[in-house]
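What follows is chain A paired twice: with chain B in the first complex and chain C in the second.
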Partner chain A sequence: MTSTTSKAAAAPAALNDETILSVRDLRTHFYTRDGVVRAVDGVTFDLARGETLCIVGESGCGKSVTALSILGLIPPKAGKIVGGSIRFDGTELTTESESTMRRIRGNRISMIFQEPMTSLNPVLTVGEQISESLRIHQRLDRRAAWDRAIEMLALVRIADPKRRAGEYPHQLSGGMRQRVMIAMALACNPQVLVADEPTTALDVTIQAQILNLMLELKDRLGTAIILITHDLGVVAETAQRVIVMYAGRMVEEAPVAELLSHPKHPYTRGLIGSIPRRKPGAPRGRTRGRLQEISGLVPSLREAIPGCAFAPRCGFATARCTTEQPPFEAHGPRHYAACWEVARVEAKSLSEPVGSEA
Partner chain B sequence: MTAYILRRLLATIPVMIVVALFVFFLLHLTPGDPAAVIAGDDATPAEIEGVRRKLGLDRPVWEQFGVYVMNLLRGDLGTSIFSNMPVMTLVMQRLEPTLVLAIATLTVAVAFAIPMGVVAAWKADTSVDRVVMGFSVLGFAVPVFLVGYILIYIFSIQLRWLPVQGYRPLSGGIEGTLRSITLPAFALGMTYMALIARITRASMLEVLSEDYIRTARAKGVATPSVLLRHALKNAAIPIVTVIGIGFALLISGVVITETVFNIPGLGRLTVDAILKRDYPIIQGLIILFAGAKVLVNLLIDISYTFFDPRIRQ
Partner chain C sequence: MSSAEVVLRVRDLKKHFPVHRGVLSRVVAHVQAVDGVSFEIRRGETLCLVGESGCGKSTVARSITRLEEPTAGSIELNGVDITALGSEALRAQRREMQMVFQDPYSSLNPRLSAGDIVGEPLTNFALAQGAELERRIAALFEHVGLRPEAVHKYPHEFSGGQRQRLGIARALAVNPSLIIADEPVSALDVSVQAQVLNLLIDLQEQFELAYLFVSHDLAVVEHIGHRVAVMYLGRIVELADNADLFGAPLHPYTEALLAAAPSLETGARRERIILQGDVPSPMNPPSGCRFHTRCPFALPECKQTDPPLLEVAPGHHVACLRRPVGGDGAPLTTA
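Entry: the complex of A and B
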């Protein structure tokens, strides 16, 4: 249970055919007036064809920056990938030219963004916006691309797709706009779909519909999905494997059931503890007491953090935690965590709070 | 959409009524007896009385106004005091050079300013951006007549590419007209260009930080198409608005430009009329310029519907 093989050794860079995307020690930094922000500071994972991988964490932990790094969309004036590698189907993306990246984006790797309200262009019809990718990547003519766009709208279950294709985003509801985003992202049948908080801005009732639609289309088209979210409820419903990020680093990785039932990292425990849940057998509306919160704030990423980034907020922290960075190593089959105190964490029951009692 | 255009169209009516009122009372607001003012300093009382009767100034004010408005609606802008010609005829004689100058200026300014602004926004905070913005500051700071003289010195006197002064009417062939109007259009267009380039840059910068631009890039859209298809159309409304506002600038600029380049247009007619205190001509020109400005703004309002589908509703 506590064999300490480091992850790099356990999962060597030699890819098997099943791996479509392989990220190794990715580091993306932003340059601000106040100094360098280490938004992503050593992220490593593989994505299998057709797999659903969730990346979880609070805002500002580097989830979205990881996604943008994969697509090569880090604004060049603000920041850049300073280290590591991203291999996609045999191609190294970090050193690839802009024109090659352009042929990959929207074609073989697509992205869905959080805000359906602002992510669609208000002055172009949704049909134009969907057919644009088809005209760029599949060189369809206007007519054929438009017909295919209507098919895509039907695929994402928008009623009356012929009429809707000619409408502008402001004429559609939030849920419909996110369906349009999905149609746009899947139009060219990509191998990888990166969805950055695709349901966060939607009504709860719509959220499940959109998630189910994504999963259904994924199965139908064989797309691998990287789903970025801060919502463990979404994770539980969709993911096969989960990565938990904190302050630009990975703190835990495991298959979804294993992660939710046996979290090894105090931060993961904190996230699980903050989900509202009914006690089994308790009357309706009654949760098991007060929701647990993780006290303290995400640290500033402007200074290099010598030890574990979560240490200042962690109830298990020791002196070593603040000086030495814990390695990301295996603590079980396909279960990795970066924590010096896994044994002590595991000894405590899941319902106990993880915050430091300061 | 039709309702929107109709609303805009109706909104121009009160504006034109106010302009007509103002222009009519212009004469009555000048200090002293309007008839005496018009007749000039050396006029005898009999001459002043003659002017009064001729202009109908002896009748009650409301009646004068009624006659004035009726005449306006028939396209009668009055009669020049000095040449005794209908103001409308004088205006029509001078209209072509000014219209050609205005259109050429607008074309030159927009054709240069929008690409400049787009590139400056795309390359924001680089040397390209600074060159464009430096040029834009210069365009504001240097007066039209100075630009005019510099252009004449370089392109007409030194290089001998273009005529120094004067205007060739369209009836003598379009090439001659274009050659005679090129330098004036650039001289007058400089300020205008600076203004449009600046607002294009600002508006584009704002749009380029929008989420849908990131979406376009994530779709694999190439930069030129991101800038023009996705960004510029969204940035268009402030740009066309400034083009409309700049039209007022153009009218005052026309007077100076026509003087520098010796073009017999409405600007020169205005200056001459003011110097001679030929009130009917001045009044007619104010109505005309105001009407042109209202018309341009109407066109701009209507153009919004082309750029933004949300206004069509």
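Entry: the complex of A and C
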């Protein structure tokens, strides 16, 4: 474990037997023609067995790269993990060989992606795809793997699983494909499931089906879930704990109800305020009014950001915010934020804008 | 609002796409993408079309602008029937209705500067040139909150939100009375989405614009709409004022849609209607009520009788056999 910054020292959550995954000061960089992109710039968290942790943030905040780093899926020529540690059930993953990672991936840690069509093999039946991982990881024979594949399809509530197992991905609807992905991801009983925007491409009625299914299976199988999403509504309905990321860094972490009701970081406040929703108690269908905006743009990750990455867009920013990076520290029970001005932020009501201009 | 003039009147709009199969490319079936849709929009009003993918909402938008030729029905813009207009006459009418697209990346010409993109419709319709053109471009940039010096930039130099502002400025250039916006904010991050929604509302108030706003996002619809039409498999199943639709939805599909949308209330793995199954194919829609295959409240007659869209309460239209005219709107129970 490295402890190069104060963030690692302020490691949240208890480190004990219950911790299945422990990420410390993770830094993942990409190398482009225009320079180094600091996609993940010091991320630290623990995941307990059976827990649902959501990582939320807008495009480019580093949430997906964090997931890919955990799975060892950063394309080797494009980028790499340049610092920090990822410990999974006692094993350090950042230094593991590709062959060991292959044994872990899809077996003990699996992943669901946003677009099932691009992650399923179009020329294999879904039954073959599910049984493939069972034959490799669990050493099941062809027959047993096929039977288990059908069992998994039934588990994710695909009607007529025997017939569906013999079908190709293009014969299934979007919702069914995502169910197949879940069946495949859970086939080997992984301890950790990383789901990157698993319902973003789906319609709301199908999204509701899939989220319910994931949570139900989690309760049944005891899998810990890292759910990556941009949608705070999905967070509210699924997460136990939430991490908010901005420009490759963690800006806030708290249990979900606490985060949504008492956000301490101005960015989290802005994110919540910019979602169209009714004021509590207001009649439905009359939400019209101004939404909170966060003025300005996300900073370029090609340059080192000396202070707080959100400072240029933040109405609470002081001179210190632009020069000194705020530590990620506790501001309440299990509630962490990286902000120098938490006291001033908390003194303002939630409905006040966070932007740097009116 | 109801006394204001009608900008757009759509009657019984149909759009069927032929399905070709085999070596002779014979037409073997039709996808009934839009199958009898009627509504009107008044000056200064936002009508939202909401529904899941494949429900036909975008096809309605594209048929109204005649980017798709409607199969049947009529479209009246400011009292002029444009359904059968020839290309020259249609061109003149297109000034009155402009589109804003979902993907600001693909709907802007990458080889034109921002100023040229916004000025193009003005030049096309010979509305301005020279110094006057530049003055109007500058004014449009100001209206949508872009910096004046941005006229010299190219699309790739803008962020997603700024590109959408550019798309809106281009739509505004010819002073249209109607803007048709097809998922204009769904490709944007929420903080940027908020900026664009605020802008659309401001512009509507300033110019009394009518909006046809196509979206799958109920939170956005609840925020921006005055009236909402819910579509399912090519039909409108419910049409009502925003407050009525969100406050007292009558169609079981609308209820399910509202229940499925995630809310910010935590621990909300609440009891809700979760629809089973997927949307059936519009190539071969179910008989009777198209929703009966997924409807928890369907009666035997729902399989046979296709329910018409009826005004069951003032301004509240619904197509459901279990929602008769003058009904009490009480929650349905499974039969």
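Assume the second predicted complex is superposed on the first by the 339 of 358 C-alpha atoms of A that agree within 3 Å, B and C clash if a C-alpha of one lies under 4 Å from a C-alpha of the other, contacts with A are read in each partner's own complex, and residues count from 1 in each chain.
In this section, a residue touches a chain if its C-beta (ideal position, glycine included) is under 8 Å from a C-beta of that chain, and two chains touch if they have at least 3 such contacts.
These numbers come from a predicted model, not from an experiment.
Asker: When the two structures are superposed on chain A, do chain B and chain C clash or fit side by side?
Answerer: Overlaying the two complexes on chain A (C-alpha atoms) leaves chain C and chain B fitting together cleanly.
Asker: Touch test for A:H262: chain B only (first), chain C only (second), both, or neither?
Answerer: Neither partner.
Asker: Have a look and say if chain B or chain C is in touch with more residues of chain A.
Answerer: C
Asker: In the superposed arrangement, which partner chain does A:D231 touch: chain B (first), chain C (second), both, or neither?
Answerer: In the superposition, A:D231 touches chain C alone.
Asker: One more residue to check, A:L73. First (chain B), second (chain C), both or neither?
Answerer: Once the two structures are laid over each other on A, A:L73 reaches chain B alone.
Asker: Touching A:R27, do we find chain B (first), chain C (second), both, or neither?
Answerer: neither
Asker: Where does A:K348 make contact in the superposed view: on chain B (first), on chain C (second), on both, or on neither?
Answerer: Neither partner.
Asker: Just to be sure I read the superposition right, which of the two partners does A:G106 touch: chain B = first, chain C = second, or both, or neither?
Answerer: In the superposed model, A:G106 contacts chain B only, not chain C.
Asker: How far apart, in Å, are the nearest Cα atoms of chain B and chain C after the overlay?
Answerer: Superposed on chain A, the two chains' closest C-alpha atoms are separated by 6 Å.
Asker: Do chain B and chain C land on any of the same chain A residues, and which?
Answerer: none
Asker: Quick one: in the complex, what on chain A touches chain C?
Answerer: By the definition above, chain A touches chain C via 58-59, 173-176, 203-209, 211-212, 215, 230-234, 236-238, 256-257, 260, 270-278, 283-288, 290-295, 297.
Asker: Once bound in the complex, which stretches of chain B touch chain A?
Answerer: Interface residues on chain B, with respect to chain A: 124-125, 210-212, 214-222, 229-230, 233-234, 307-310.
Asker: Can you list the residues on chain A that touch chain B in the complex?
Answerer: Against chain B, the touching part of chain A is residues 71, 73, 77, 102-107, 110-111, 113, 115, 118-124, 132-133, 136-137, 168, 170, 181, 184.
Asker: Spell out the part of chain C that touches chain A in their complex, as residue ranges.
Answerer: It is residues 52-53, 159, 189-191, 193-195, 197-198, 201, 216, 218-220, 222-225, 241-247, 256-257, 259-269, 272, 274-276, 278-279 of chain C that touch chain A.
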